[in-house]
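Lettered A, B, C and D in written order, each chain numbered from 1.
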Amino acid sequence: MTENQNILEANSLTMSFGGLTAVANLSFCLRKGELVGLIGPNGAGKTTVFNMLTGVYAPTEGSILLNQGDKKQAISGLPPYKITQKGIARTFQNIRLFNKLSVLDNVRIAFHFSRSYSMFHSFFLTPLFWREEKKITADATELLALLRLEERKNDLAKNLSYGEMRRLEIARALATHPQILLLDEPAAGMNPQETEELSELINLIREKFSLTILLIEHDMSLVMKLCEKIMVLDYGMMIASGTPEEICHSKRVIEAYLGEEV
Amino acid sequence: MKKKGLVVAIVAVLVLTVVVYFAFFAGKSKQANTNGKVVKIGFIGPLTGGAAAYGINAKNGAVIAIDEINAAGGILDGYKIELLIQDNRGDTSETLTIMNKLIDQDKVVAIIGPVTTGPTTVAADIAGQKKVPIVSPTATGDKITSLSDYVTRVCFYDSYQGLIMGKFAADNLGKKTAAILFDNTNDYSMGLADAFARTFQELGGTVVSNEAFSEGDQDFNAQLTNIAAKNPEVVFVPAYYSDDAQILLQARALGIDAIFLGGDGWDSQELINGAGVAAEGCYFTTHYSPEDTSEKVQNFLIKYKEKHQSEPNFAAPLAYDAALLLADAIERAGELDSVKINNAITETSGLSGVTGEFSFDENRNPIKEVTIATVKDGKFALVDKVRP
Amino acid sequence: MGLFVQQIVNGLALGSIYALIALGYTMVYGIIRLINFAHGDIYMIGAFVGYFALTTFNLPFGVSLVLAMLIPAILGMLIERVAYRPLRKSPSIAVLITAIGVSLLIENLAILWFSPDPRPFPQIFPNMPLDFFGIKISIPQIIVFLTSVALMIALNFLVQKTKIGKAMRAVSQDKEAASLMGIDTDRIISLTFAIGSALAGAAGVMVGVIYPRIQPLMGVMPGLKAFVSAVLGGIGSIPGAMLGGLIMGLTESLVTALISSTWRDAIAFGLLIVILLVKPSGILGKSTREKV
Amino acid sequence: MAQQTKKNSTYDGYIALASALLLLILNLILVSGKMPAYYSGILGFMGINIILAVSLNLINGIAGQFSLGHAGFMAIGAYVSALISIYLQWPFIVALLCGGLAAAFIGILIGLPTLRLKGDYLAIATLGLGEIIRVVILNLDITKGARGLTGIPRTTTIFWVEAIAIITVIVTINLMRSTHGRALLSIREDEIAAEAMGINTTYYKVFAFATGAFFAGIAGGLFAHIMGYIAPKNFDFMRSIEILVIVVLGGLGSITGSIVATIVLTVLPEALRGFAQYRMVLYSAMLIMMMLFRPQGLLGTRELKVSDVFKFFSGGGERDD
């Protein structure tokens, strides 16, 4: 396996809702270990791309291929939970935590398929149940420690601060053992200090779990600093892609953002 | 805020508990006031819920009888009857609980009720098990008295009435085609409809249309339109009076001029109040006729109106008779022993009540005359009294 | 063929009553997302108000109808103020249980006050059929149908053309935005209850006219059916409620006539489930997509 | 470690609860022979209501699927087990299980399409399904329609009811603590996020529906064999509402809440018996008051633990949800 292998290929993805085309004929590849930024003005179709990649929407046209080892498999049209099980995890732009459950439980839920046991064991509390539950709790606690949430593990998710919620979403996504992590505006609503910490955190988890990360973000400084490659979307079409420097100097990108106060 | 809510909730529960205890002790002290010589009889019927109209009438009828008996010095040399009234909402599981309560807790010697067939089915089983007789005023389901030896009723059973009406339609009225419109969520209605159809066909008639409706229906136009298309000579509607009034009105509005026939469910002043001229000329079987000039009937009607400011429906005189029957049986049994009382009930013969003279067949169904009534000039009129 | 048309006529008369009750459901659901279980009982109260106005007080029909709309309207506002408004921020299921409680309370109080005996509703219009080319339509059926249609047209005018109607639509779209625009949302919700309840009250009188029997539990089944009608037509949509009510009435009438009344409820609910599965937003409702 | 002891005490609470219930049942077995039928009858209905409430709570409170058709499943269990007892004379427990399985089967059959719906729409659809089941029973010959089914052996004893109620409670509580229970909870909290965590939400929704239906079916079987007579009227829409009221009053998602509410709501009408016609008025007024002052139910989403009882008696019983 080489470092530069494509882990994900999206081929001419199109998504239309009724008459409205949110994403048109979009193709791109993610290489293993890459950290790619997906930017574009509001309503450009960025979150729609995430929703197609994670199975929330089935693309109207086009295909998504996931490379695992040697085999390529089409994942477009699969239900979200299957895609998650195949190794793509995500966070949500408008935070979607399990509000009335504890922080720890939020993470434990995400171990659902990777560390599962049959119904029988949960009905009768067999030794296997206790063993597995102990492991799940230990692993979850470890992840929480990594994301500096350990002290809050018994609090309800809805009582967390904004930054903590964003981190918990990341912890939860990591617990599904992803190869590809999709982060939807992880820095939204954060102050510069928090954003700084977040960028360190992203680098840390990327190293630790050898992740491929696709990131939607409006904070340009974060994107420029973090990403090796940037894709720019406007009106559902890719208008540019390349290194941060190339993007900065792309005429089309500047045009697209003109008038937009970012 | 949350704590306040919890406190309020707890206080509410506590207050209720206190209320309950109060009710409990109030009940106890009332017993103490009657100086020992008391016979307890239970009453079970729907005082709330959909069948409440019958339950409340039955309760009122039974109370009138008990008051009369007590005013006349009670039974068994000075024993007063205490009627313990329980609401079963027409529900079978409530009935089970109440049967247990009346028999185990309150130690009643006999029970009047339940009023409707479903609950009586459940009560019959327990009555047999615990050997405490029940006398149902109005449960007409064919099978209920065969469920246990401790169930008696003072009304006719379903197929008996259907049979009489079928005969009346074919023989007395000389009709050849009939339509049936019945409530198929109600066993009473189904029983009458079956028996009517069987008898009418045996006697050479044809049932040209068999339509059903469900409890609580308001609109019978669809069924009546179908019936109108078949143009029958008579329409048999074994249902309760409020449905019947509706059906009559809607039938006349659709231009159906057939003769309408029914069962004891028709017997209420409300039928005429509701249907008006549409009710003219219909026939139905019933237990007694309010037009009956006998002292017993008129006396009952006067008392009922005096006490309740309303006209009784058929459940009231039947419950009255059920109470009379029980009092008579206890008197004859000579002691407060449920088994002996039950024997005395079955041996009853010639006891005269508001709804006729009572004797019982081997299944503890009453052998008494069936009244056939009609509506003439806005009033009920007696047509015939039929003996089986 | 004549028989079939006759059944359609019957269905339309029944359907117009369902439609009147369904309107109240749909308006209340549209504005605060509450299945107001007590709505069927308000309809019952309307019938009783009409009854007492016509019999005890000997008032003319028009006045009785107005009273039978006015008193339920006040009752509807009162219920909203006392039982639902304090729960505006509670989970919807708690409000639903409260609504069930209110429904049971009204029913049982009515049994206590009015006695459970069914009462015959006075016959105001001659109970005779008019013959239209072999199709028999009774005078009460015509009165009910015309009154219902008139009330629905009036309601549509109110909602589409007046300022209050605009405010109501705004509140049902987005309560917070509406209150930012200076709309007193509580007042509008209260008003919605009043209008919905008034229509239910009118339906109660209509039922008295066409099926002249009233009793305290008369609202339970029609209430349920009317709600199904509202969902069928697209909940929150006023033309939807009318359409749903008429479809419901027609279906019931035709099923009873052609199959059997015993399967009627099953088929009515079956129809509902099919609609929900095929087009969850109802026939005339707008579908909304959850934002991810 | 402080955290560790806290966790342990929670578990202790559950274990203590379970053993308290077990003790109760032992007592019941001991006294059931002597107990007046009035009390054992009420306890029987209470047990059946506990099974119904806990199983509905699994669907409504834990998986967050708003179902209003529970009486329908109860009816299937009641009729299937009663018919087996009458015509095949299989052992009681087998008849019960068949009733439960039949209910679960129908639950899966109708759950698969309808569980695509959400919230109030699902509630109305399940209400409709419950009514359809009732109408079908009303129209079948084998069920004897409106006449009702008589001659069911009255095999249900207080022992069976309480034993099955306790099994239901323990199995449900165990399930809630496992990964499968958390999967159900996550669906209640946010279905889209649950899918994103790799949870097959359709599977779990149908699972909750089927399990709830299974226990409701068993409860129906117990009911049929306690009454000896069942009719479609026993399983109408008001019955579903009654169960829902218990669940909401106890607190959606709280198993112990369901138990407490069942006890209150079984004893309350019994206690109000003396008020005859005023009884239902008082009951409904109470219901409204409860919801106004405590809309999240008696216990909210939390469970009552033995330690709470001690805390209550030592004066510090108040805590937040």
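As a convention for this text, contacts are C-beta pairs under 8 Å (C-beta built on N, C-alpha and C of every residue); 3 or more make two chains touch, one makes a residue touch a chain.
Just so we're clear, the structure is a prediction, and the values are computed from it rather than from any experiment.
Ranked by how far their CA centres sit from the centre of chain C, the chains are topped by A. Nearest to the global CA centroid, when each chain is reduced to the mean of its CA atoms, is chain D. As a whole-number value, the distance joining the C-alpha centres of chain A and chain B reads 71 Å.
Note on chain placement: the centre of chain A and the centre of chain D lie 40 Å apart, centres being C-alpha means.
Averaged C-alpha coordinates give centres for chain C and chain D that are 33 Å from one another.
Separating the CA-averaged centres of chain B and chain D is a span of 35 Å.
Multi-chain contact residues, meaning those touching two or more other chains, occur in chain A at positions 56, 92. Contact with two or more other chains is made by residues 138, 192, 277, 280 of chain D.
Residues of chain B in contact with at least two other chains: 48, 184-185.
Across the complex, chain B is touched by residues 3, 6-7, 10-11, 13-14, 108, 111, 115-120, 123, 127-129, 136, 138, 140-141, 207, 210-213, 215, 217-218, 220-222, 252-254, 256-257, 260-262, 264-265 of chain C. Residues of chain A that touch chain D in their complex: 54-56, 79-81, 84-85, 89-90, 92, 96-101, 105, 108-117, 119, 121-125, 129, 132-133, 136, 154, 172-173, 175-176. Interface residues of chain C facing chain D in the complex, by the touch rule stated above, are 29, 33, 35, 83, 86-87, 90-98, 100-105, 107-109, 111-112, 224, 227-228, 231, 262-263, 265-266, 269-270, 272-273, 276-277, 280, 290, 292. Here chain D touches chain A in the complex through residues 3, 6, 171, 174-175, 177-183, 185-186, 189-190, 192-202, 301, going by the rule given at the top. On chain B, the positions that touch chain D within their shared complex are 2-6, 8-9, 12-13, 16-17, 19-20, 23-24, 26-27, 47-48, 85-87, 89, 91-93, 96-97, 100-101, 103-105, 118, 121-122, 125-126, 130, 141, 143, 147, 184-187, 190.
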